[in-house]
Structures are given as C-alpha cells and as structure tokens.
Amino acid sequence: MLKVNKIEVHYGGVPALHEVSFEVGKGELVAIVGANGAGKTTTLKTVVGALSPVSGSIEFEGVDITEKNTAEVVRLGITYVPEGRLIFGPLTVEENLLLGAFTTSTKEEIEERMDYVHHLFPILKERYKQRGGTLSGGEQQMLAIGRALMSSPKLLMLDEPSLGLMPTLVTEVLEVVARLKEKGNTILLVEQNVREALELADRGYVLETGRVVLEGEGKDLSRDPHIKKAYLGL
Amino acid sequence: MFSKTRSLLVVGFLVCAVTLIGVAPLAQAGSPKEIKIGVLFPLSGGLASTGALIRQGAELAADIVNDKWPNLDIPMAKWEGIPSLGGAKIKLIVMDHRSDPARGADLAKRLIEDEKVVGIMGCYNSSVTKSVSTVCERYGVPMINSNSTSPLLTRRGYNWFWRTTPDNITFTVDLFKFLEGLVEGKVRGVGKIPREELDDLAIAGEETEYGTTGAELLKEMAPEYGCRVVKYILYAHESPDLTSESQAMQAANPDCVLFIPYVSDVILYMRTFRSLRFSPHIIWGQDAGTVQPDFARVLGKDANGVITRTVFIPEVAIKVKPIAAQINNVYKERTGEDLSGTSARAFTGIQAWAYVLDKAGSTEPKAIQKACNEIYISPDDIIMLWGGINFGSTTPDEKGQNVLGMGMIGQWQWKDGKNVLEAVYPFDYATADMIYPFPEWE
Amino acid sequence: MALAAEITASGILMGSIFALVALGLTLIFGVMNVVNFAHGEFLMIGMYSAFLISTFLSIEPLVSLPFVAVVGFLLGIITYYLLIRYLLRGPMIAQLFGTFGLMLFLRYLVMFILGPNPRVLHQGVLIGKSVSLSWFTFDISKLAAAGFSILLFVLVSWMIERTKLGRALRATSIDAEAAGYMGIDTEKMNALAWGIGGATAGIAGGLLANFYYITPTVGMLFIMIAFATVALGGFGSIRGAFIAGLIVGLIMMVAGYYLSQIKLAFVYLAYFLVVVLRPRGLFGW
Amino acid sequence: MVGKMKAVVGVLKDTFSFNDLPLSERIAFAAFLVFVFFFPWIVHTSYPRVVMIRFLLFAMYGLGWNLIGGYGGQVDLGQAKNVGFGAFATALMITWWGVPFWITVPVGITVAVVESFAVAYPMFRLRGHYFAIATLCVALVWQKLFLFWDWTGGARGVELPIKSAPNFTYMQFGTIGYHYFIFALFMAEFLFMNWFRKSKMSYELQAVRDNEDAAASLGINVTWTKVKTYLITAAMGAVGGSFYAVYHLYIDPRCVMQLDLSILIAMTAMVGGAGSIWGPILGAAILIPLDMYLGALLGGMGFYGIDFIIYALIIMVIAAREPRGIWGIIERARRRGYVLRG
Amino acid sequence: MFLEVKNLYKEFGGVVANAGVSFGLEKGEIVGLIGPNGAGKTTLFNCIAGYYKPTSGKVFFKDKDITGWPAHRTARSGIGRTFQIIRMMERLTVEENVMVGAFCRINDRERARRDAQEILELVNLEEQANAHPTELPIATQKRIELARALAIEPELLTLDEIAAGLNPLETIQIIDTLRRIHKEKNLTLLLTEHVMQFIMRISERIIVMAAGRKIAEGSPQEVARKEAVIKAYLGEKYAKGK
C-alpha cells in the first residue's frame, strides 16, 4: 500500500535520512523504532509531505506522492497524528473533530464518522463543547487519534502516541491502537516503548542515524539481541 | 583558519558599502554659459502636488529667461540668458527635500559644494526654509525664498536670506482691512454690512510652523480691528477626521471662519462643513490650501464663495496687467491650469534671481549679496500687482524682506461649470461682485 | 446635552468607520501574526479604484463596490504570494519592514502613475446628502459607511466562526503545522486571509471615497489609527476591533472638540493604558 | 584594591580587544576605520561627506537600538523619542541659557533614561506586537506633546544660535569637523558595544531574548535585564539626538521625533543583521547611502516617487530574501562550514 | 528540613491545581513525584521554583520562607530546574547556554567558560559544545538542560519529566549520569516522571499525587503496592507485570 523507496532527506543542508526504504501493506501495523534523533519523525513527516526528499520516491496505492504537499497527501488518505498531539487548544472538541473531517465533504459521512469516534472514545462525547486545551493529556491523545480517524484514513500514522502519558494511559492508548488494527486499519506506528510496540506490530523497522539497520516480524525483532542491548538496556 | 567564503563576504560587504558612500557625484564641469540655481521643494509625501506647482512656475521663469519669447512684453523674455553675464543660461537643479529639515539641509550642502550653485531658492515649508537658510548663512551663499510666509524668517538677522513674497503680517492686515471695507461698503457688489455680522472669528490653523504662526498672528491682531476670537483651534496635522473640530467651530457660532491650512485639510473641512450644514458668513483661507487649483477643482461647486488671500489672480492679470496675462497663457498652455498664488510666486522667485544675477554681473556671492540688498525690480517687469521687488526693511529687526509686496484677496466663484478666482481686494482691482454671505449649503 | 449627543453620535459614526478600516488588519493578523504596515495603502488603492471605476465607467460609486472588493482581494492575494509568503519565514521584525517597504512601494507607485494631486468623487447617491435631526446632521455617506461596517463585521465574524472555511482559517492561525495534517492547504488559507483582508480594506476605501479626498498619501492618515484600534481590541479579535474602533472614535471626537492638537495622543495613551492593565488588549487571547 | 585594578584592566581589555573575532573581520574592520578616518581627505566633495556623517549617525543609532532590539529581541519602534529628548535638551539649553554642549548631553541622557524607566515596567509586561505598538504609541504621544507645548517651541521648532566655527563649547564646525566629531562618538559607542557583547549582561540578555523562563531558572532577573538594556538604548539615542541638534542647528518635534525615524533606526539594524556588532554598521552602510543618493539623484527628476519605489523594492527584497539581514548570509556560510567540518 | 512544602494551594481562576500539598525533603535525598496527567505536579514545581505564586500555603528552603519569591531569586538561593517542554536558548551555542547558568555565580567570563566545559564533560556533551542546541536530538537537549541547571550549582535540583521520549537504554544512561552527579555534587533531587523504569530505579522515596493532593508516600516498592496508586495511576497491567 505504502512503498518508500530509498529516500534521502536533508534538514537545513544536513542529511537526516539515508536511503530509507520500507513498505506498509494493507491492514498491517508496522512499527518504526530507534533512538532519539534516528530520523523516525523525519520519516513520517516526509511521507505526509511536510518535508520533501532530495532523492528517492514514495508511492501510495500506486500513486507517486513524492512531490505532493501535505494537503494533497491527506486527501489521498494518509493521516498523520504528530508527536505532541498538536490539538487546537482554543477550539472545542467538536470543532477539532470537524477539522479532522476537513477533506470529507458529505454531511452523512461526517456524522457517521463522528458516531464511530464517539463509540471508540466515549469520553470525547462528554467533552463535546469543551475547549481542546482544557482536556487532560490522555484525553487530548484520544482527541488527536479521534480527529485523525474523522478523515477515515486509509493509512494512519501515529508518532509517539504514548509520549508523556501516565502508565495507565500508555496501556490504554496502546490498546486503542491494537483495537484499530483489529478493525482492519492500516497503521504506521512510531514508539519509544520499544518492546510494547514491537509486540503489537506485524512488522518492524529499526532506524539508526538515518538508516534502516534491521527489519523483520515484530515479535522476532523484540527478541533480537541487538534490540535488547541497544534499546532495552538488557 | 577562517573560511574563505566568510572572509570574502565580510571584506566584500564592507568594501561595497564604503565605496557606495565614497561614490563622488561626477562634478560636471558646467559650461561657463550656465548658472546653476538650486531649487528645493517638497516633491513627495503629502505636499507633492504643491511642489509640482512650484516646480512648474520656477521652470517657466527659467525658460523665459533662457530663450527668446518674442510674444511676451516682459524685458526678460528678450534676454536669452543673463545679459550682464554674457548670456549665461540659468539652470535649475531641482531637489526634493521631502518636508524634512535635515534632508533639506543636507541637499543644500550638496547643491552648494558639489553642484556649485550660485544660490538657492526654496523651500515652501517654513521649517525646511529655516534649516536650509541656516546652511546658506554658514556657507555664505545667497538664498531667495519665494513661498514661505512665516514672519520669523526675515527676523533672524541673516545676511544671506531674502524673501520676495509678503509675509503673513501683510496678509493678515489685508484681511482685517478687507473686513473693514465690508463694513464700510467698499466691496464691489455688496452693500454695507453691519459690523456685528463680521466680528466673531473662528481661527483654525494646522499645527505646523506655518499654521501655528499664522493663527497666532490672527489672534493677536483681531482685537486691534475690533474683532473677537470666539474659537481658536490648532488642529492635528495628518488628522484622519475633522468632524469634531468643525462641530466645535459651529457651536461657537462665528461670523467668519479663518483657515491657515494645507490643501488636504481644507478640502476635508469644507466637506465636513457641508455635511454639518455649517455656513458662516465668510470662509477665508490663508493661501497655501485654499489658493491651489486642486482646491477648486476637487471641491467644484462647494468651493463657491470661499475667500482666499493670494498674490496672483488671473482675472486681475487679464484686466490690468497684460504681461501677467501673457505669461499666464503660456503657463496654461503648458500645464492646462491658470497660474496660482503658489506657482506665480515661484515664477517671481526665479525672476528675482535672474534680475539679481544681472545686476550683480558676477556669480561671486559677495556681488550677489550686494545686488540683492540694492535690487529694485520695477512693477512693470513682474506679473504680480506688487510695487516691485526691493529688499529693504520696514522695521529694524527685519532683514531681506521685499518691502514692495502686496497681498490680494480672491474669491472662488462657480461660473459655467468651473471655479474662477475673482479678486475682491484691493477694492480697486475687484473683478466681480463679491458673493456675500457664504452661500447656504443645499 | 445636545452637545454630548452630537459628539457621541459622530464618535460612533466615525468609530465604526475606523473599525471598518481596521477589520482587514485584524483579520490578517489573526490568521498569521503579521502586522501589515501597508494596510493604509490597501485602503488608498480601494479609494482610487472606486474613484477610477465610477468616473471612467460613469457608474454609481456604490455599484462600483463589488469591483473594488475584487481589486482589494486580488491585491491581497498577489501581495501574499509575491511578498508575505517569504516574509513568514523570518522573524517578526523582518515582517514589519517587509510590509513597511510595501507601504512605501504602493504609495509611490500610485503617485508615480496617477500623480500627486488630490481627487474627490462628485457624483453619487450618497455624496453631499445629509439627514438632519434636531440635534445632529448625519452625513449620509458616513452613515452608509457605518452601516456597511456593521454588516461586514457580522458577515466576517459569521464566516470565521460558523463556516467550515472559517474553522480552517482559525485552525491555521492556531497551529499551521497541525492544520496541514488535517489536509488544510495552509498556503491557500493564508492567501485567502490576505484576500479577504484586502477586500475589506478595498470596500472601506470605496466607502471612504464618498466623503474623503483621495491622494496617494491618504493611507498614512489612517494606518496609525488602525494599528491602535487593532491592538486596543486585541490582535486578531474581530469583535475587539469593532469595540475598539468605537472607543477610538469617541476619544477622537471628544478630544478633537476640546484639544484638537493632541487628540491622537489621547488615542495612543488610551492604548497604552489599556494594555498595561490587559497586556493582550480588550479581547485578545 | 588589587582586585579592583584587575577588574578595570579586564574591562579595558574587553573594550579594546577584538581577538575573539576571526582575522577576516578584524582586517575588514581595520580597513573600514582607516577609510572612514581619512575619508574627508580622500573625497573632496561635500555630499558624500554629508552622507558619511549621516551614515555614522545612523550606525550609532543602530548600534544603540541593537542592544534592545537585537541582543534583547524586543522590537522597539520608539527610539525617536529618545533622539528627541537628547536633541531638545541640547537645543533648548543652548538657546535659552547658552549652556555648553557637553553639559547638555548628560541632561539629555538623564531625561531619556528617566522617561524610559517610567514607562519600562508597564511596557515590558507586553509581548511581541503589543510591545512594538506600545513603544510606537508612547513615542508618538511625546511627539504630539512636544508639538503642543509652547516651551519646546511647538511646531515652530528651535533654532540654535549660529557661532563662528570651529567652536568647541557649542560644537559647531565645518563638515570635516563634524565628521570627526561624529566619528569619535561612533567609536565610543562601538567600543562600548565591543565590551558589551562579551559581558555577562550580554549573555543574560540573549538568554532572556531566547527564552525568558529558562533565563529565570538560571537566576536572571528577566524584567530588570530588559529594563536595564532599554535604558542604555535610550541613553544612546539621546546622545545621537544631541549631535543632531548641534549639527543641523534646527530641530522640531516633527523631524527628530517622527515615526519614520524610529523605523529607519530599527531598519538599519535589521537590514544589517540584528544581534551582531556588525549588523547595524552594515545596515546603515547600505540604507543611508541608498536613501540619500536615490533622493538626490532621482528625487528632483519629476517622476514622482521613483526614488521611493526603488528604495522600497530593495527593502522588500532584503526582508523577503534575507530575513536575518546581511549578516545572516555570512553567519549561515559560517555555520555551514562548521556543520560540514564537524 | 531541607525543603518543606506546607499545605500548598494553587488555584487558576477557580480551578484548583494544588489542594493542600505538604511534604518535606532531607538534604541529599532523591525523591520521585508521580501522579496522573493533570495531578498538579508541574504546578507544584512551578510554585516551588517561583514561576507561580501559591494561593496559600508556604514553601521553606533551608529554613527560609521562599514563598512567592520570583524565579530568579529561588534560582540564586540554590534551586535549579529543568522544564517538561524543553526551553533552549536557540541562538546561543551549547557552551554558551551552560555559561549563562554559570554567570549566576560568577562574573568572570573565562571562569564561566571553564566551568561550563567541566559540566559539559560531566554530562558527556563536550563534543557538542559549539553546536546550536536546536540542531541536536531531543535526548541531547534534555542533557543540555540538565547541564545548564547544574551550572548554577544548585543544592536542590528539580527535574520535570527528564526521561520522557527517551528509549529504555537512554533512560538507563541518564539514570547513571544523575546518580554520578548526585554523588559528586552532593545534590538533592526532586523528579517527576511517567516512565516507571526511570522513577522506580532512581528514587529513594516516592510521593504520589492525584487531583492536586498527595495520596501516598513511601519507598518505591511500598508505593507500587498501594491499591489507590495502582487504580489511579499505574494500572492493573503494571501491577501484574511487577
């Protein structure tokens, strides 16, 4: 479904990614793990069109999206939930969700999606008229994911959804991810909780200083000795 | 070691910058047959249109001096250059001081030292005239001022500053004499007006050097002529709205409204007066704003009945001064408009320069200074109704003022779809019946 | 009593006109935190377009308003794509100077093309007509401008607060990056904000042309008032701009009546005092 | 006692030493100084000399503004008021009482500093555009008041009595004399800035500019740091104003306290690159000659505003292409060198 | 008591963030502060460091009442801090960032530079001394914040989520660094964190907050067993996993 082929990305003249290639199949949950500064967020931002690669190509459902801007990529069905959530604080929960459906035009579809999100996260229904900024961290993460789902994405990219959340919420958010996968969503996940992420994922890629150094089945990776040593400190 | 790019950039920039400053204007070795006069006026900002008028007037005068104009019965039209200097042509070097005294002073230095002008004419804004005349005084270069009317300018004891136009004192006296004339029934087409109908004055001056001194003068002199100032306003320069100022005047219920404005303000005042249906008996303007063709053109019928002090009225020129009428025609051919007080004064300023140079017979500053102090230009030679030009002095503290100057008062009258400036004062020169009182708004 | 009523009435009248002038400024600021020094020149170009369109096509100035709005809209969009887009990458100060340069450029470009002489509209249903009440004479053209001001404010607030487009604009203003991830083309939103800002400035100019003189430098008379108005109301707040406009109008009228020379000083002082108490203006967030 | 001596020596060393700068910059600057010093003897025409004086004056204004605006990151658009205070203190005291110039300078500085102190605390509650507009408003209020009051001469302005030059009591000279006069003032301010940029205060100020909370966590009194800087900037503006008064010998509130002056001062620093010691000098070296020559060469040609159009285009291009100013280009080149090597 | 918080209340326009928090720290302790998002931990930190003024209650540091002191004054009296959201001086180099901290104590530029270099070595950042912080990864920036806070030579260091976004290995590294610094500089540490591997391993004592109140206190093992803590914060899975 998503095919990233040898992309090279520079940040202000400094190379950040070297020939990174990976694939995400339909219905798969793929995890990207790596140390801080390895280029995970850069990868996701490049896919969504916020950064453009110097070389290499990105293909989504057979369409070349390498040169497309964010708005066009989102329209094609890729939605990105950025690190740090980026909720529109002064807007209400409802408005945040409606903005998620910006690329959807029919009323029925929006209502349908809204029901789905409310079903998934009942807390958002309770907070419907509250300002996004007044929600707690966990609720904001729910809102960010819910907002992304409003566009009924074909590919959902989550960047560190558990960042800064307390343990109960980390568990809860990862459960949500698992549930979304069960429902057939295609997900690309970047997580710092390496073990949990790899156990959840169908496949995983390991990024180190801008290169893919390892790839494989999620469960296999989580038992890989290099991973254990370099990321789990075991 | 330091990187090459960096050092190249640093050195490159400093060198560029420094050479840019160092670029000396190529001091043109002016032909001996050319005499440069520096002309400084506002040609940008809010006064750009005024500067344009001055420029046109000054350039016409220079052209008349330089070329042969067989159809003009004015001596200098036959000159083809300054006679006593071997027919040397006058070259005007016009610069824009942007109404900024500092820039005016800097440009004056450029004109004096780099362009080697024999003298300077300018500067309209009284404040810039002050700073430029200071430079001229320091350098010992003559400056003839044609368009600034602040009385202070000729009361500073400067040895290198002369002014052709009458100052605001003359004009203010004219106004009160005119008002007395109305009471006495001397004004053409108007019977005797009771004094009570004319003695309450509202004064509105723009808060600039020119407006402030003009307004203060009016206020000081009013009691001498038995008038009362019922409202005295100095209004903010660059004000986006003048409604409340107009309301304040209306509330004081004056007989005469006296403006000392630049052109844009007085347009706004007139429009506001109309919307307030405020029509005093007399609306008078101290030249600058009300005398300009723009004022009449822009306001159209609304200007009908506005009185303005001026020094030049085409209608009078046609009737009593044939040469003035001829020059007015030449000017009109060039620009499509009659000469106005503003452009006629600039014309006269350059003319005075030409006569002074002719009399001096030299471009030495001292000779010019001497010529200026002794010059007498006969009334027949100039387009104004003045008694000529002579920089004597009427009072001991005054120096360099043309003592033969005279003011006029004109009235805009709406005739056949356009505004005509008709003379109403001096009474002998009246060209039409005065419209009195100022017509009620429709 | 009558005097108080008269001053208040003209204060409110002029105040809503100042608010109208400030509307585009606050809109542009709200969406992308850029203070547009050239706003007064947008207004001036609006006035000239109204003048030129209604003079040369000999149509009623009011009828020319839609055309003027289009001119303003295009001006805003062009400005955005040719200049502002690049300025947004720099710090606030570069933005100030970029638009300051634009101000000089537009002002003198118009002077270069059309000359420095002032102009005035002579023909039109609103021009020179008044309604007299016992205590006050209303200039119809000002009344109409005030009416349009209220109308435009309602329209723009509705658009910003109730429509999908408005929501997208607000999202862009809060966090352009996040808005991008929603599939909103933030470049287009910014351009649109400039377009709408330009259009409102154009309409304001078209209405002002009915009672104001038109010169290339006329923008400079309004820009400081507009700044003070927008900042007083709180940058980006539409409601704030309207209320602040009324306040500025009233201050100008009262101060103008008694102490005309320093009436603007009172306006600036009012801004200073208000922000000292409320550092983000009356309605800023 | 010894400690004090050491401290003084340290300050002097910091003031006069440029050892921390790359050799290229030192050479360029030395060349610049030599050039400026001999300028009146290289160029014998008057206007370039006048432009040079104006350049040095604005470089000086820019250096002062650079403290609060560049190192402090506070966009102050009201520097003209301080210029005005200095100019009026000097002009009024000389015309009224014949006070020598050098006594009027501290008075001007005092007025500017006291006024700035009075408005600084409320002002620094404001951020970003609110601050910029507030500085602009305060400066305009003062301008209106100076126009309104009679004792300041109002709109009529103040004309200083002309003395026979050269006169060291009232500082009146010919163009060359003024050149060295302003050059000395410029150098004094430049050396002060050279000391400042290495001082503890400079680091603190930059910390405040970049992040106030972080700065406070490191024991920096954020508001006081800003206020202090604001006062120094005010003092520097006042010195420039005093020079203006004795140089032009005529001032009025419209020419020394106008908005355009505030903006031009800030613009010199911005165009050159705010927050570096060279920025304001580069900026003034570009803007002032540009403005002056465009005005003089094209201003009177009869094409209204053509000089402004070109000038405005150049400003726009610089703001759009190089938002960090000319110095930004150099710094970027330097950083790229660093990154590639490091 | 080295640091004592007494019955601290903090309200924001009617919303209570801290509702009567009391606790104390002894010199040299390492204390963890945990609790759900929105429990008021960061608010508490801000009240101690002087960024907020408590609505009521007192804060004593070294037996001095420092309640309501502005931030720069608490810093000078010996309380250093890092921020949850990284706050770098981005136009200064890494070394200069740390030097600014050193200037808190000393006026001499060269000494400040030497101090900064020493501290950068301590946190293994000497290589990056001349880089600009924003060019570096988040984990490195967190270390710069730590170095900067150390430069003021605090006696009490409060660290707000210093391990957030770090992977397990990086977490272990920072624990080592902190332990070393704690020993060498004789510091007292107060930390908040959601990463349990971190907080449980480093803390000698843990304070648990929820809804603006302290709900538990004790050794890591004790706290992890408490029903209330598990319910409000750790979750069943974590309890089982232990």
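By written order: A, B, C, D and E. Residues from 1 in each chain.
In the analysis below, a residue touches a chain if its C-beta (ideal position, glycine included) is under 8 Å from a C-beta of that chain, and two chains touch if they have at least 3 such contacts.
This is a predicted model, so every value here is computed, not measured.
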item	value
Omitting chain D while every other chain stays put - resulting connected groups	one piece
Two chains sharing the most contacts, counting C-beta pairs only	B-D
Chain at maximum distance from chain D, centres defined as averaged CA atoms	A
Distance between chain centroids, defined by C-alpha means - chain A, chain B (Å)	74
Approximate Å spacing (C-alpha centroids) for the pair chain B, chain D	37
Between chain C and chain E, centroid-to-centroid distance (C-alpha), Å	49
Of all residues in chain E, the ones touching two or more other chains	135
Touching two or more other chains - residues of chain A	14
Set of chain B residues in contact with two or more other chains	44, 48, 52, 207, 236
Contact footprint of chain C on chain D as seen in their complex	69, 75, 77, 122, 125-130, 132-134, 136-138, 140-141, 144-145, 147-148, 259, 263, 266-267, 270-271, 274, 303-306, 308-309, 311-316, 318-321, 323-324
Partner chain B, residues of chain C touching it in the complex	3, 6-7, 10-11, 14, 18, 108, 111, 115-120, 122, 128, 130, 132, 137-139, 141-142, 211-213, 215-218, 220-222, 225, 252-258, 260-264
Chain D to chain B touching residues, read off their complex	22-25, 27-29, 31-32, 35-36, 39, 42-48, 50-52, 54-55, 144, 147-148, 154-157, 159, 162, 165, 175, 244, 248-252, 254-255, 278, 282, 285-286, 288-290, 292-293, 295-297, 299-300, 302, 304-305, 307-308, 326, 329-330, 333-334, 337
Chain A partner contacts - residues on chain C that touch it in the complex	164, 167-168, 170-171, 174-175, 177-186, 188, 285
Complex contacts: residues of chain A adjacent to chain E	12, 14, 33, 35-37, 136-138, 160, 163-172, 192, 194-195, 229-233
